[in-house]
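For reference, the structure discussed in these notes is given below.
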Amino acid sequence: MTHKKDLSRRVFLSRSLMASANIVLLGCISRHPEKKSRTRELSTAGDGELSNQFSATDNAVYKEAPMLAKKVAAGELPPVDKRLPKKPFIRIVNSIGTYGGTLYDDAETQGGRFFLDGALIVAPQETDNEGKIIIPHMCEKVEHNEDYTIFTFYIREGLRWSDGVEFTADDIIWWWEHEQNNKELYPEGPRNTWKTGQKYAVFEKISKWVFSISFTGPFRPLINMSAHEYMSFASFFGQPAHYMKQFHIDFNPKANELARSYGYQTWFQLYKEREEYMRPHAGKPNIAPWVRISTQTTHDVYERNPYYAEVDQKGNQLPYIDKIYMSVVEDRKLREARVATGGVSIGKTVLSQIFIYKRNEKIADFNIKKWKISNASECMFSFNLNHKDPILREIYNDLRFRKAMSVAINRKKINDTLYFGLAKECQATIDPSVSFFDPRWQTYFSHYDIDEANTLLDEMGLKWDSNKQYRLRPDGKRLKTVVLYNQQDFQIELMEFVRQDWSKTGMDIILRETDQQFRRQRCMSGEHDCTCWNADSVEEIATYLPWVTKWNPNNSLYYAMDWWYWYYSEGKDGIEPPDIWKEQFNTMEKWYHAKNDEQYQSLGYQVWDFFSKQLVCIGTVGYAPMPVVVKNGLKNVKDIIKMGYGTVWAKSYMVQTFFWDDPDNHN
Amino acid sequence: MKLLKYVIKRLSWGALVLLFVSFFSFLIIQLPPGDYLSSYMARLEKSGMSVDNKSMVALRHSYGLDQPFLVQYGKWFYRFIQGDMGVSFIYTEKVETIIKERLPATLMLSFSSLLVIYLIAIPVGVFAARRQYSLWDFLAAILGFIGMAVPGFLLALILMWIAYQVFGVSIGGLQSPQFMDQPMTMGKFIDLIKHLPVPIIVITMSGTAALIRTMRATLLDELGKQYVTTARAKGLAENKLIYKYPVRAAMNPIISSGGWLVPELFSGETIAAIVLGLPTIGPILYRALLGEDMYLAAGCLMILSGLTIIGLLISDIILAISDPRIRLE
Amino acid sequence: MKILQKIKSHSKSKKEGNKNYNPLYSASQWTLIWVKFKDHKLALVGLIILALFYIAVLFAPIITPYDPWEDSRYIYCPPTRIHLFHAGKIHRPFVYMENILTDPETFNRTFKTDYSKPYPIRFFVKGFEYHWLGFIKGNRHLFGVVDEVGIHLMGTDVLGRDCFSRNIRGLQISLTVGLIGVIITFILGCIIGGIAGYYGGIADNIVQRLMEFISSIPTIPMWMALGAIIPSDWGNLKVYFAITVILALRSWTGLSRQVRSKLLQLREEEFVVAAKVAGTSDWKIITTHLLPGFMSYLIVSLTLEIPKMILGETTLSFLGLGLRAPTVSLGVLLQDAQNLAAISAYPWLMISAIMVILSVLAFNFVGDGIRDAADPYKN
């Protein structure tokens, strides 16, 4: 790769040093020795994915964007080497970029997600686009002891918030003591992620830049969490104490008046609004590449963070692009039209209309990149195993029923009609790249055989009615199932296909579209028959985030709420699950607290083998193509990328390395 | 003096109407089950975050969302008349800030639409009436029918597409993002002018069509009356004749129906704004209703109704001034 | 029929010089209106269009060759061309097989017509099963072709569903929503307007304030707010009725204003006073003496309300606050047409808009026609 010649000797040396160090880190996410070949080859780094921990010497020369240089010259900002930490993160980019320009994007509503929003998430570590490798990012190092009970975080010395104040361990400690443990903000204690068993983790400041988190039992997933949104700084993990204090009653006796001046009644309402990174609040310091500087109901403007702690391999401070301009466009069709006419710098396409984008390439001045979605299943269905109606409960709990429903789905037709045959017809399970993956999980009852489905249902004793149109329940009524769903990113026509397929086995399926909120309420109280969702967070790192997986019975598929309540309350609420499920929950708990690699592998395998054999989530097609359009002139955008929640969406595209060929034309 | 009494009477009735509107709006927002916090939680969940139920309970209590309807309405109303419209959950801003931000564009579009409607409809209507049964009359009739039957928002995307293909106008909004935060320059002004025609066409289509038909019909009625024949017989020039008496007389029902045009304009503007992404109150209301952002939704409904009432009042006043017969009532 | 005969005999007798007898003098009010109506050309056209639409809607399952919800592999196909000439010779109407080729790079779809074999269009073919009018089972359709090819008069949509069938089904919903909504409007308008007009005084005042209040809220925002209340778990039928009620809540004001003003006028008339003196109940006075007098005005009003309802339902469904998939209404169909692909490449998806426009125009013409015909002062 050409850039290798450009690398200075220092960088080259330290890279080989780092190669060995990184393997140690990778060992934390262990895999079977045979599967080591899946490890990313470090020496071929250079596509922005990995970095090194290069020790800057005293005469390191950094460069900055012209708009910042102006401010430095005017005395408004300290010079760039004073703004960067002692050891900034070095991002190896494909092409060194030119500073300047603006990225344009659209969002549905204020505080809603938009295509590039992942770029604003910054955590102690980060993961690559495959979701397999974790490297330190804003923390120089993250260490843990042998049995994963104590984790030590080394914040980059000299790291600063976007207003110049230092980001130290104090910010984390303050956040833990005064936010998570504040009775008005969190009445029942800090977030559950910080609990092992009954006890909360202990946060301790070790020195100015170092803090530790100690658990009572092994908690390997903390490594995974540290690379994910779950521990995003200035949001779910740590706050700029110097800024948030003004909203906190313990530090500002006038906090209630302040809240009232913004229209709220009490201080903690205002505090909560300022808490998360997605809530509009221009002025809150951040350590992301861009900081929100203005908010209106029509648009948001983000501007570069002068203190952002990344540089490219030539010492240019990132990001290259000066601004992100995010328009609020409420109507979905209008958003789609804007993407198709080059109104945004980078945007998702509507797959069924892909040729329109092809046609528009010239006039809209963009090109199409063939990205994919990393979801293992676009849409998977779950029947309510805790149904209130005992007859339906018995039917849904019968494995033969679920097997029948799975083989009744004509996945090929769905793939051909909706995805041009480019998706993968498979059962819903975790990603093949996971170290304990078993290929049999992906093909388990994913073939198409209506006769087999009907035979299984016949075996169960579900008779046909006199017209041979519908099957009857044991009590003689028609076997009716209402599938509750809400509008999502996947093609909604898929539901119609599944309905038709299932009706060929005699099922009377009624599709009911509602909004998210209603579906959630309904499902959480266990009043639904069947619902569906996508299967994201299936990469190695994401599957291990505690209880985040969609196969968790109280997550988006809500297939066993009562059992979950029982387990969660330790027997006080809910309904006692059958023994195999009690065992499964316990296995999952043990897995999340695995002591060593061997346990991680074997327990992980057990957990997912159980889910696979139980067929609680019936998948359709997955790994669908999701082409995106990218304005011509926007560089450093990868040709192949997987989009997904497991890799925190845009965070893994490395938006801070994007740049315009001709920034002056893209203001 | 009589006019003043009339205005005061109308204003006080208007205030009473607004009171009912406030109750109605608040009731409407409260009816669907759940509230903003539950939809917020659902949204968080959609993006993959599992939600902390417990803190939501406390938050719900702090916002008073678990209190009975009348209590919530009472509190809101009490604050509203003091000028505090509450805070929007979606935009995390005060409702008044949001409405103030969007009001100018709303008024500007409504006002220009009204102007456009009158400036086009009246001359065309008069022309069609004068050349009754001619080709022009027929064309005007066809235009009228199409305008009445074709919902503007259906054409919105087509018009935007044509504007994009032919004139390179970016789709959506009143301004290209590049110019939004810039100070006013020639480039920005031209961009604004380029974006205006599509929204105006979409909003004014049905109103213009209806007004053309009404103008034509009422003018024809007037022209059929005795005094016109008399004036002609007396030798008055045709042009002067038409404009001095019949048109003036025909204008009265036009102006009074103009009053009813006001709510139609705000109504049409709402949907046009949603489909075209305009920075007016319409899309905000749409979002607020879908997201159960109750203070914002109620606030928007009140503002729109308030504007309507004022609009109706102004048109009634103009009518009272121009037509002495009304004043005597 | 009798009247036509009478009119014919009238013209005959006119020729014979008998000027004194004009059967129209003794014709009923409705016949008079009908005769005048026929003169109004546009109204006649409107009536014909409406008749066609309602017949199509009545016989919907029979005249449509495909189930509106059945998908096929003929995705986004343009309307099928019907040919009359095969290999130079005339043939009964037929279609050719269209092979769909998808370019793997651009995903562009092109159609290659196979001119070798004609597939004749047959009539009264067997097709999907239906329950006509809810209870008559059948599976014969007006026209169709064998399964290998498709006959899509208005093309197909993203799932290969036949647009013609979907449009007819959509018409069904849109046209009946108008009718039912108008019935509700009529009932509400008559009752409330009647009370206001007949009793006057405080009742009148209250009603007037109520009407003012409703007209102060702009229509679409009000519909949006009401549409947002509809619980998302309601079945389609319930949602359908809720929509009709919401639409009617707006239109009753116009009707009741008419009823009120007419009643205010008429109640001072002598025949009313006489009836009162005779001891007739108020209810009877209103219904038998007053209402028939201006029934024609009411009918005009109602006819002119229907297009507003059709447009209203279209608007609401378009915004996603009205009927939803899988219900097929013209508004829902228009949602599918609201994208750049439809505008630039699949324009046949927008035929639903033409259906809306034609229905609205037809009702407006008919309403105008009735109004002109019923107005006794027009020469």
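By letter and in written order, the chains are A, B and C; residue numbering begins at 1 in each of them.
Operating definition for what follows: contacts are C-beta pairs under 8 Å (C-beta built on N, C-alpha and C of every residue); 3 or more make two chains touch, one makes a residue touch a chain.
This one's a predicted model, so the numbers in the text were calculated from it and none came from an experiment.
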Chain pair with the higher count of C-beta pairs in contact (A-C, B-C): B-C
Chain whose Cα centroid lies at the greatest distance from that of chain A: C
Intercentroid distance (Cα basis), chain B paired with chain A, Å: 42
Whole-Å gap between the CA centroids of chain B and chain C: 27
Centroid spacing, where centroids are CA-atom means, of chain A and chain C in whole angstrom: 49
Overlap residues in chain B, where contacts from two or more other chains coincide: 33, 157, 161, 274, 286, 290
Multi-partner residues of chain A (at least 2 other chains): 333, 337, 341, 515, 518
Residue list for chain C, restricted to those that touch at least two other chains: 231, 338-340, 344
Chain B residues touching chain A - in the complex, by the definition given at the top: 33-34, 38-39, 41-43, 45-50, 52, 54-55, 57-59, 62-63, 84, 86-87, 90-95, 98, 101-102, 157, 160-161, 164-165, 170-173, 177-178, 180-181, 274-277, 279, 283-284, 286-287, 290-292
Chain A residues within the chain B interface of the complex: 102, 104, 109-113, 184-189, 191-192, 229, 262-266, 268-269, 272-273, 279-281, 294-299, 301, 325, 327, 329-331, 333-334, 337-338, 341, 343, 363, 488, 515-521, 536-537, 547-548, 555-556, 645, 667
Touching residues (chain side chain A, partner chain C) in the complex: 333, 336-337, 340-341, 350, 352-356, 358-359, 416-417, 420, 484, 492-493, 496-497, 500, 511-515, 518, 522
Chain C to chain A touching residues, read off their complex: 69, 71, 73, 75, 102, 106-109, 158-160, 231-233, 324-326, 335, 338-341, 344-345
Chain B - residues contacting chain C, complex: 13-14, 16-18, 20-21, 24-25, 28-29, 31-33, 145-146, 148-151, 153-154, 157-158, 161, 260, 263-264, 266-268, 270-271, 274, 282, 285-286, 289-290, 297, 300-301, 304-305, 308-309, 312
